[in-house]
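The chains carry the letters A, B, C and D, assigned in the order they are written, with residues numbered from 1 in each.
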Amino acid sequence: MIPEHQRDVYRAFLEQSFRHAGMGDWLARLPEQFARGLDRQRHGDLPAWEKAVAKLPALPDKRQVQLDRDEVTVELELDDSRRRQSENLLRALMPWRKGPYRLAGIAIDTEWRSDWKWQRLAPHLSPLRGRRVLDVGGGNGYHAWRMAGAGADFVLVIDPSPRFYWQFQAVKHFVGDADGGRTHFLPVGIDDVPQGLGFFDSVFSMGVLYHRPSPLDHLIQLRDALRRGGELVLETLVVEGDETRVLVPGDRYAAMPNVYFLPSSRALVGWLEKVGFRDVRVVDEAPTSLEEQRSTDWMTFQSLGDFLDPERPHLTREGHPAPRRAVVIATRPA
Amino acid sequence: MIPEHQRDVYRAFLEQSFRHAGMGDWLARLPEQFARGLDRQRHGDLPAWEKAVAKLPALPDKRQVQLDRDEVTVELELDDSRRRQSENLLRALMPWRKGPYRLAGIAIDTEWRSDWKWQRLAPHLSPLRGRRVLDVGGGNGYHAWRMAGAGADFVLVIDPSPRFYWQFQAVKHFVGDADGGRTHFLPVGIDDVPQGLGFFDSVFSMGVLYHRPSPLDHLIQLRDALRRGGELVLETLVVEGDETRVLVPGDRYAAMPNVYFLPSSRALVGWLEKVGFRDVRVVDEAPTSLEEQRSTDWMTFQSLGDFLDPERPHLTREGHPAPRRAVVIATRPA
Amino acid sequence: MIPEHQRDVYRAFLEQSFRHAGMGDWLARLPEQFARGLDRQRHGDLPAWEKAVAKLPALPDKRQVQLDRDEVTVELELDDSRRRQSENLLRALMPWRKGPYRLAGIAIDTEWRSDWKWQRLAPHLSPLRGRRVLDVGGGNGYHAWRMAGAGADFVLVIDPSPRFYWQFQAVKHFVGDADGGRTHFLPVGIDDVPQGLGFFDSVFSMGVLYHRPSPLDHLIQLRDALRRGGELVLETLVVEGDETRVLVPGDRYAAMPNVYFLPSSRALVGWLEKVGFRDVRVVDEAPTSLEEQRSTDWMTFQSLGDFLDPERPHLTREGHPAPRRAVVIATRPA
Amino acid sequence: MIPEHQRDVYRAFLEQSFRHAGMGDWLARLPEQFARGLDRQRHGDLPAWEKAVAKLPALPDKRQVQLDRDEVTVELELDDSRRRQSENLLRALMPWRKGPYRLAGIAIDTEWRSDWKWQRLAPHLSPLRGRRVLDVGGGNGYHAWRMAGAGADFVLVIDPSPRFYWQFQAVKHFVGDADGGRTHFLPVGIDDVPQGLGFFDSVFSMGVLYHRPSPLDHLIQLRDALRRGGELVLETLVVEGDETRVLVPGDRYAAMPNVYFLPSSRALVGWLEKVGFRDVRVVDEAPTSLEEQRSTDWMTFQSLGDFLDPERPHLTREGHPAPRRAVVIATRPA
């Protein structure tokens, strides 16, 4: 039986499938994808996360939801006891990486100032109003709420992490119906998107490419998820250099074990063109600052500062160039 | 893309799938089942039927729908030209076998007086109010409308004939929303019902068993479509005799090529008990009369009278006993 | 890795697949079929049976094998200690139902005098020399050895019982290469034969039909395993009576729980004709005698005598007519 | 039905599958792989190639086969008419790219002096005697015959080009049984090798990596086809530079449209280590000479010389560095 927390996704997919056959194919796979993505074998804490969300207190209908602020904000009346209870439950879902959020007065200070990334991106985007958007590897959904706040018609986060799924559900508990049921989350990866879908007006892939052993195939998957004429927003780690400069770190990069190709932004532009994107442009490129990514009260593990060489902060502790990120926007030709 | 005329079925299945996992599995198969069931390769006239239904005139919202009369009746204002057009389009779907209907004053006099069968059955049924009902081999849906008229919550006709699908859609065009979206049709056979579904409160199989090469397997399929405690209504051709009397006609029976097992009603009771039904009782048994099944203005081919031996009307023209039908009601144990 | 005892089957299937595409398809399924058929989950004693066969002593090359006698006979020199060991291991595979065998002087007196059945059948068969033969439900393979003895080119027993598989392997240990590698066994049922195979010159189904819930489908499967022009030999339980007499016993028949349709032999002829066999004739019909099926030193459980009504031996203890068997031979039209 | 020219492959796979379960899985897929690989839809000339091989004249049993010379050589008596006929049929399979061959006195002068590559490679290989070898993208099989000549026990070429399949069959017609049935060809690509096979002692991939959109995945596939402790021989196009130098050419490279990653040999070593190879060493690296790859009487299309910039022969005509190749040998850890 399909549980409550999945039903909005099903209804939204069904309505989208009335517009596009491929979404019907995807709908047919949802039961298996949910079952796999939320399989309790995947993480010992999964039952605890599910329970934490289930225990969040019932909230008053009267609330003010602001999805177009730096902090994704839900204002509502909550007595102290319920606020404390809510905060404890939200903390049970830690670490919180993408944010910030302010929910019933509870400020969730996340590892990333994802709002800064959004500020750098937003001016370059085709206006999101009315668009169908896919956010690949979208974490707990922070950017998705911002996309809905910018008027997108249907926003779908996919991220294989079940923790992020439950963080998203927790935020959704506070947002309620205020987004008009436009924001959704599937606990799957890009490989679970039906091949050649050709549906979305905009596709975001931020912080994913360097985790993929085959970057060209990833770009092809992103291209094929877009309708013809649709827009890709790609953000990834890059290195400095000309169009033949590509770092493939050995064992680890900034303590991460699963890092593959770090191209220069010029090489990345070439790759995007090679797989058929047009109008490719780098709209932002900069080293990641220790202010943008750091440990907080809601993410108490090590963060960027710990992964750099203390003596030579332009290098990671493995001796690679320190994190530098580029945002590239490109169009799938019509 | 899912066409308009299928969307109600999808929405209904989605809502049912929130109550029962098996209906979600079935939902996932609908695209393939519709595609196969309505495949234009199946019958040369399929495009004509589809077009006929599409051309039916727009109807006024104000209408009176009566699903609890012998004639399934829709009363509404229609000018003469539109009525003539409607009648011509409905006739393009001939032959009409199950009925009768009266739609905007157009009386569809069908081969069968299916209302007579309903009258004999209805007093013996567990009350249909609130039940989920499957009508296997339900023809153009006449009995389904009657079930909705009796208060069923969800009525699903399955019949592999695409002609009946479009006849159903034509009637639905007249009924509109008056049934509260409770009556649905899938162009598939019993083999397309997910195995071991265990969902329906009532399952009807009328006029199907003798067409099945494996009657026991058919009874098992019907049993497994029912929830535990659910009710089967089975109607089929029988012969007279004791519990070891079973006719398997050779080439044809009453001109039909695909007729397999005709048990006595006592043998049939034994079969039902063998596959696990309980509380099995024969509620009706009688020869089929030439008044109940005959050629009409809406079914101009040969009918029962033509298939009997003119000299010895108690025999078919192949020399088998003339059609005799029994209705058996049985319960799947809890 | 494919174990030793399966390799002859693979090699034989590969050579047959050079003559018929369908056998290549089947070959491709052998790994899965062996794995499933010999899955140790299926019977707690399976490892013991496998071990018993593995422990059978190495035998001298010099031996005399006679597959055309009532007793399937292998004569060879064996010292007393090895003979005792062999007998103990063969007894570990009890109960032995089909036979008799005489292996290195060890007389296996089986529940059935299967040689009597063979004597009644053999005169009516198309000569087996050079034919490819399938024996459906062939038990431990007694009849298969007799078919090889009659000159068949390729004999395949299928029987889902893993005990019978290991009994067959035990006998094969004694027969060695003397049959020219023409006799094979797969631990599968008729449902595992690829649909529409159309390969075998002769198909035997003895003692299977009454165990099938759908007798017509079984006849169709047998027909489709035959090449056009091939010959079916069908033996099953029947009742006395005309062509509309069919017994479907309730719970049990002669203590067996899974018994479905027992037609009269005249009804059975009609069924065979209905599914397209031609030249259908009953070559033998008789009650099963207490001499032909009985408990022995190698099958110490209850047998036929225990399943009849002691007062009225023409009835089973459930009150059904006592076992009566017919053999019908039929041809798949060219 | 499995055709003659495939049967040796089936028999060889069956025997290998007795040693390794994975080869049984692969065997099961051969029918589908042959059907797809030799599907006449794939190339309009396929029927002509098949017919050319079928028309090759019957050859005397007496022949001398030398697989350890630069020219793969078969000496036998053939009258002039049959030799002319043979040469015409062999020319019907043009272009011939890998060689050279000398068959019944017919010298096939191929585009590549593949013997030169072999000479450079051979001293660095673990001795091939008794090994099971996979040659990925092995063209018409020239190197495979050399591997058999060096004593390999089972040599399997995979190459998706059906032309190369028929060139291999033509050569095999001359070689006959002289290789002891150790040399085989499947018309498939690396993606058709069962995942995680872990079977081969040596795997060669020469001239393939730069055609793969995902070089890391290719290296992983090669690794997984090897048994633990097995040896990879990888040859591919490289560029000069340090370990972060990687060329991904745009539209074309030396006129080839499907060229992806050209790493420096140092980068390539890093990639091999990243996916788990050990003892990685570059055993050869050099520009490709116009003597080693050129148009000939048996390959009359353009060749390397035509794809370079006439003014600046160290560049391709697209302006990329001219072809430079490295051979790397590596071990899958035990």
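Everything below uses one rule, namely that a residue touches a chain if its C-beta (ideal position, glycine included) is under 8 Å from a C-beta of that chain, and two chains touch if they have at least 3 such contacts.
Since the structure is predicted, the reported quantities are computational estimates derived from the model, not experimental observations.
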item	value
Neighbouring chains common to chain B and chain C, by label	none
A-B or A-D, whichever has more C-beta pairs in contact	A-D
Chain centre separation (chain B, chain D; CA means) in Å	63
Separation of chain C from chain D, taking each centre as the mean of its C-alpha atoms, in whole Å	50
Chain A and chain B: spacing of chain centres that average the CA atoms, whole Å	50
Euclidean distance of C-alpha centroids - chain A vs chain D, Å	44
Numbers and ranges of chain C residues touching at least 2 other chains	none
Chain contact graph, described as a line, ring, star, complete graph or other shape	ring
Touching residues on chain D, where the partner in the complex is chain A	213-214, 216-217, 220, 239, 241, 244-248, 250-251, 260, 267, 270-271, 273-274
Residues of chain C defined as touching chain D within the complex	1-2, 7, 10-11, 14, 17-21, 24-25, 27-29, 31
